[in-house]
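Same chain, two partners: subunit A is paired with subunit B first, then with subunit C.
Our next item is the complex of A and B:
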């Protein structure tokens, strides 16, 4: 298939994704939802912070560490798990998956396009959460201090990595029933703990830390924090202080490449098996 | 003879066939669908043999029907040919390409619609849903727009074109899906019970459109499944009768009817009675009983006209009255009963 065709697929599925993400019954509901959700999430975080603060010697950068981690983790939940959700809703709710599947487009590329809508919405949520953090919670943040040269490639690589993770899981979703979304949520919760989204991975037992270091999200979140808070001592918290920015970037790059390859392979086989087992138009509920 | 593997690849098959036929008939016939020893097993708690050693060739330009009772395997066959499902055994070539190894070459050139299909994105309008699918097939924008408008007109959906899909009726959603199938201008379209659940006049409109579509261009091919005998009889050039995963007969509707034989198809109307005992009367090849409120309609194929006397005495002895008796020209339904040994519904 020509690049031109893939680009067209991307464009149209991104458009569809955005329509679905943003086209709520009423725009006011959509706005409310996009504001309330990130803010509610951060308020939970504040409570967690208060609990942690009682136990751990108060670190000045700890709050920033937790806040940024939890905020940017919103990308993980909406992109990685959002993509698998596309498979389930397209298959069972809209019942369009079979029609999309037999069309000449690549389902893989279609899902990347659909993920773009999720990235856009998550970006909005992250920005709202950051503003809320700065204005209401006094999160120290200075746009002039941001290391953009680190931040921009980190975000780009991070998104590529999250999308390929999502696609790998989407491959599995092709083969499973709708109920596996609860497995996804379980995985999501585990990853949340292991990649140091709120608590530095140093609080984990050795085996937990070892797993955490194999998850690219760990490196991504670390680079996000470093780029947004250069020189605030935040890099001392994450347990990755022995690694320079460049080294972590290389880790991130390599793991993104590995996950891209993995997701392509998994998707390819899942596609075959799904077609063999007749899973592409399987309806479990509705 | 060419080796089997070569024969099985569509290209060589077509070349070979047109070479042979070229000497016999002046125009070129190409094969649209070529199925060899195809089987499909569904494994689960209980294994189902949905398709059992199917062999079938459909030529380009044909309007081909699949007729069979519930669970016969019609949908399964359509799914395999439209690259949604893989066969368990055997081969299928669509427009010269293997469904197993070359699905992408097939997908550009075909489309599929299931009857009763209500799929679509409720928060997009009908027009947006259709437009999106034409874009997946790479239809140029201007062409797509014109084609969609034209089809919306034909199917009487123009006034709903800009309504969100979730606000339209089930039948309108179904029509949209039929349009979706044609809007990509496929060379070969699969329609699985296209008029299922639609009202009579809409069904007529759709049948008319199908006829028109196929006659507009000689290279178009259609395969449809249906439960409506009339639909198959009216529309199809040829019909395959499928029962329990096997093809029982393939012929033109007229050819199928001829197999029944004249003078063996009867319709009896009687006051209500239990029709079970009819089956055991010698000489009754097949029968269907359709009870209505105060009547029992019996349609049957008999080996011989003389059997009718036994049937009437059986009805009378069960306390019912025969209100009418008709001998009729065999219909496709009779052909079906004759071949399958029972009615379709």
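Our next item is the complex of A and C:
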């Protein structure tokens, strides 16, 4: 299939995803809705931090560690569950998955396109959270001191990793209707807990740290923090202080490649089984 | 059969369907037990990383257990009639001779049962795994506060479910919106007093705020920094329960009439 066909699929599915996400309310109300929830989730952590530490200035690196992790974790929920949930809604709610299957488009591209709206919103939510953090909470941040050479490839690799994780879970969702929501929640909860999204993984038991070090998102968040924090010291918190930025980037690259291959294999396998067992139009009214 | 008997049976039947529905897939129970623990564990490790007093870990366990009820109120009560309409059950409910309040009460009762399993497992496993110290000095007071909180919280759920009757995808999105922001302002994971008295007072309009505050005081003593004495919170919760039930009946009648007029009772995929 030609690249331009994929691009058209991407554009139209992104438009469809955006309409489904947003056209239930006026744009202003919708935007407000989109930002309140993730910002509230971050504020819970901020309040907990302030209760214990009293202010941000006493340990700016620790605050930044938590705040940046919580803020960028918004991408995980948006991308991973954005892709996965398309299978669930298109099959069960809108009952259009079979139509998508028989149309001459790539399902992978369609799924990624459908999640694009959520990614756009997550990007805006991250930017708003950062501005809120800087202006209201005194988050140490300086655009001129951002290590863009580290940040840009880290974001690109991170997105690739999240998309592949989303495709793997989408594959599982093809096979199960009763568990897809729980599996999403479970994976989200496990990753949040084990990858040190808001606390250094060194506080986890040894087995938890070992698992955390196999998850690419651990390395992604570490590099995001190192590239955005203007001072020194944040690299000492996450348990990866023995590794340079370059080494962690290699870890991220390798783990993302492995994750991508596993995800594509898993999706391909699940797709075949789902077709064989007639699960593509399975409706459980759940 | 008189109306009371009929409505009682209808309520029990709806509760039965909900309880059985939750159990029809045994693996759901595993998810129900494990999933909340993941979030609770993350908050506990976060407090530990900050070097917080261990009592805060107890607050997290209690708050984590109470999320089961709040989530059930949002998704199992508030958004339920929207959901029933989507799958085509709602019109069947409407043509039966039962009271709509009996239907809502049954949903609440069944939801309370299933949420209790989730909450209790979070509480027990959380206490065991993270070695949380809790002392129940006044079990009767604790039970009273819990029951009053549940009455008030499910009263809100009944009220919202009738309001959501008018909505399409709004119902889904508003339920989403009422999760983390409510965890924040109601102090699910920290003493509500930390947000200041003004915010605490406004947040007290959501009954789970006062319920949690009172339960924290009863389980953790003065360190929980309660905003009001427990007996005052109990009285307010009782009032809230009564008010939300009355509002639920009122809004259900209004919304049903309006939905009939606007042809929304069978409208799907909005």
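A few points about this structure:
Everything below uses one rule, namely that the second predicted complex is superposed on the first by the 268 of 286 C-alpha atoms of A that agree within 3 Å, B and C clash if a C-alpha of one lies under 4 Å from a C-alpha of the other, contacts with A are read in each partner's own complex, and residues count from 1 in each chain.
We adopt the following convention: a residue touches a chain if its C-beta (ideal position, glycine included) is under 8 Å from a C-beta of that chain, and two chains touch if they have at least 3 such contacts.
Everything numeric here is computed off the predicted structure, so don't read it as measured data.
After overlaying the two complexes on the shared chain, residue contacts for A:73 are found with neither subunit B nor subunit C. Using the contact criterion defined above for the overlaid structures, shared-chain residue A:132 touches neither subunit B nor subunit C, since it reaches no partner. Of the two partner chains, subunit C is the only one that A:198 touches; subunit B does not reach it. By the touch criterion defined above, A:94 lies against subunit B and subunit C together after alignment on the C-alpha atoms of chain A. Once the two structures are superposed, subunit B and subunit C can be ranked by residues of subunit A touched, with C on top. By the touch criterion defined above, A:5 lies against subunit B but remains apart from subunit C after alignment on the C-alpha atoms of chain A.
Legend: residue contacts after superposition of the two complexes on their common chain; A:219 is shown touching neither subunit B nor subunit C.
Once chain A of one complex is fitted onto chain A of the other, the partner contacts of A:45 are limited to subunit C, with no touch recorded for subunit B. Residues 20, 94 of subunit A lie at the contact with subunit B in one complex and at the contact with subunit C in the other. For subunit B in complex with subunit A, the residues that touch the partner chain are 42, 79, 82-86, 104, 107-108, 110-112, 117-124, 128, 132-133, 135-138, 180, 184. If you check the complex, the residues on subunit A that touch subunit C are 20, 24-25, 33, 36-38, 40-41, 43-45, 47-53, 62, 66, 93-94, 178-179, 182, 185-186, 189-190, 192-193, 197-200, 203-204, 285. Note for the complex: subunit C touches subunit A at residues 25, 27-28, 31, 34-35, 38-39, 41-43, 45-52, 56, 86-87, 168-170, 173, 176-177, 179-181, 183-184, 188-191, 194-195, 269-270. Of all residues in subunit A, those touching subunit B in their complex are 1, 5, 8-9, 12, 15-16, 19-20, 23, 94-96, 98-105, 272, 275-276, 278, 280-281.
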